[in-house]
Amino acid sequence: MYGRKASELVKELASSEPGQLSSFNNDLFAQVLEECNGHLHHLQPLMRKIQEHENKLKDTGRSEDEMGNSEDERRKSEAAKTVIQAAMKSDQFGALVHHLSLVRNKRCLMAYVYNRAEVIRSLGWMCDRVLPAEIEERLSSTEEEYFKNHAATLQSYMGGLDLDLTVDMVPPKDPYIKVRVVDDMGGVLLGDQTANVARHAIMFLRRIDAEQYITQGQMEELTG
Amino acid sequence: MESGAGESSATADDYESLMSTTDAELLKRSWRNEKAAPEILKFDSDLVLRSRQQIQLMEEMVEEFTRNGVDPLTVSLYQMDLDRTLFLLRSYMRTRLQKIEKYVFHIDKTAELWNRLSKQEQKFAKRCAGDLKNHLEQSVLSKLPDQYQSYLRQSAASEDDDMVPEPKLDAYVVCRSKKYLGAFQLDDGGDEPVTIEADDLYALPYKSIKPLVETGQIDLV
Amino acid sequence: MAGPSELQASAFSAAELEFLAEDETIEIVPNMRMDPLNFISGDFGPFRPQIATEVPLWLAVALKKRGKCTIRPPEWMSVEKLTQVLEAERDSEKFQPLPFHYVEISRLLFDHAREDIPDIYMVRSLIEDIKDVRFHKIGTGLEIISKERTYALRLKNLSAMEANIVRPFITRALETFSKLSSSEMIQESDHVPNRQPQAMNRGPRRQLKDR
């Protein structure tokens, strides 16, 4: 069935998690492109035939004018016209089917690339110009190129503005938090100094200093 | 479009609220509206300029405080205020960029929208459109038959640009007015106005309240 | 994860709503002396021991965390007021008036100013109950104020968090209603499947029944 592969391509897009990329489906993509060219192969001869029918109709019309208009001849020529018109209609519908299938396939291919491009741009906000290898291998080569170009475009805008827009992605919080020391820790690195902390001590630390100890379970954040 | 009772009485009241509204407040409003509106709004260049000046002044002040040994509590509080304003500014600019990215071809060919961008955003949009066009051409369009290679039209037989993604202006938004706006006509042909009370929330189609958003009479939330 | 996009169906993230709520003002009683603060967001203070003053919530919480003040919970956060609200909320289809950011404000205070809230357990459970009751009547408590050509909904007294939660649902539902009520759309959809007719709200309409 025409257009089935293209719709699979779009379904694949629709079923992936928002903001996530699956591997570029080169195989399916190439098959849809091939189908497009197949439509063209059908389309071209049909368009030629339609043109021929049109010419023939014109000819019939002309010969009608030239010839006398005996009842018999007119009837014959009408019949011939009807036959040509019927043949033309069938070719026109055939052409339309191929044209519409081609357009539909184009839209699906474009939707696939366009929507992936949207995700690729959003990655640009998270990774600074270099994509992690496991993501990069899911891109097609033109997508990799696009990522680089777009990242450069973004950099150039921010450079002109003299304002980095890739930080502060979420609203700011108090840079200091209250923590309790859970473990015997000995020396703790705070900024560029080391401090000795006792177990169960309650301290007020910079969030960025405390975060590693909290994730390691050596400190806990206190609220209230 | 609107036939509100509140509109004509916009005098002393408005002036007062305008004078007492801080740039931080205005920036927050622009940020909210931009985040909630389906289309890109007019870039508020004066406001952004003023906000950036204030941010710079404050950054210098915080540095000076630190040098002069002002107590760390005060310094950290000023820093927090600064961080909040910086966040609003960045998020505002970012939201706009992402709308430009998303609808770049539509913005590029629509003068009204194009003129809502700052000079820098226009430069960004041009490059952005070029990048995306190249990408689409290399990935898809160059591999299609001649008559089907346009990125704006489905085929050479299309009568207009029928492949350009546009924001949905009839999308619904949630909005609120600080003042009583009275009876408001939702769309041009209709004969059933809705009454917009002060401080109440409404879910309305964006396109019918668009003029009120642009004049600042209604806020998107 | 939806990526770092600023453009989402729900418009604001929970963190962004909290950020907005932090600008609401609240009364504190400082226990120290500090000069006025001339912020970009406004002027606050001066701060004198035992003299109450109004500050934005974020500042109140920052001072509280550093042990520099006590926070006076807002009037609506008393057991008495909340009990009234809960009862009214249960008795009526309508939403009771509460501060636009009541969910975020109460959460911030529970997290950071526990000892400043009298009867905190009671207060907390009342607010939880109110949230529940309100959430369950979102389907019934919203008033359709126009359905002639364009649907319009009044969300009277809905809070920021509630509006944000229902936003994706109600906006999509209203868009669908609008489309269905336009018979022009139904006719045109046969031959223009990919485009929305410009004037989709005009023309004769089918009446949808009220709920």
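The first chain written gets the first letter, and so on, giving A, B and C; residue counts start at 1 in each chain.
Quick note on the criterion: a contact is a pair of C-beta atoms (placed from the backbone, for glycine too) under 8 Å apart; a residue touches a chain by one contact, two chains touch by 3 or more.
Each chain and its UniProt protein: A = GINS subunit domain-containing protein; B = DNA replication complex GINS protein SLD5; C = DNA replication complex GINS protein PSF2.
Predicted, not measured: the structure shown is a model, and the values here were computed from it.
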Contact graph of the chains (line, ring, star, complete, other): complete
Label of the chain whose CA centroid is most distant from the centroid of chain C: A
Distance-to-centre winner among chains (Cα means, whole assembly as reference): B
Interface with more contacting C-beta pairs, comparing B-C to A-C: B-C
Interchain centroid distance [CA atoms averaged], chain A/chain B, Å: 25
Gap in Å, rounded to a whole number, between the CA centres of chain C and chain B: 21
Computed distance of Cα centres, chain C from chain A, in Å: 35
Junction residues of chain A, two or more chains touched: 125, 171-172, 174, 176
Contacts with 2+ other chains: residues of chain B: 76, 80, 84, 87, 91, 94, 102
Touching two or more other chains - residue numbers and ranges from chain C: 5, 19, 58, 62, 66
Contact set on chain A toward chain C in their complex: 17-19, 119, 122-123, 125-126, 169-172, 174, 176-178, 204, 223-224
Footprint of chain C on chain B - complex, ascending: 22-25, 28, 32, 35-36, 51, 54-55, 58, 73-74, 76-78, 80-82, 84-85, 87, 91, 94-95, 98-99, 102, 162, 170-174, 186-187, 189-192, 194-195, 200-205, 208, 221
Contact footprint of chain B on chain A as seen in their complex: 33, 36-37, 40, 43, 99, 102-103, 106-107, 109-110, 113-114, 117-118, 121, 125, 140, 142-143, 145-146, 149-150, 153-154, 156-157, 160-161, 163-165, 167-168, 171-172, 174-176
Contacting residues of chain C [partner chain A, same complex]: 1-5, 13, 15-16, 18-19, 58, 61-62, 65-66, 110-115
Chain B contact footprint on chain C (complex, rising order): 5-7, 11-12, 19-20, 23, 34-35, 37, 39-42, 58-59, 62-63, 66, 68, 145-146, 148-150, 152-158, 160, 163, 167, 170-171, 174-175, 178, 194-196, 199-202
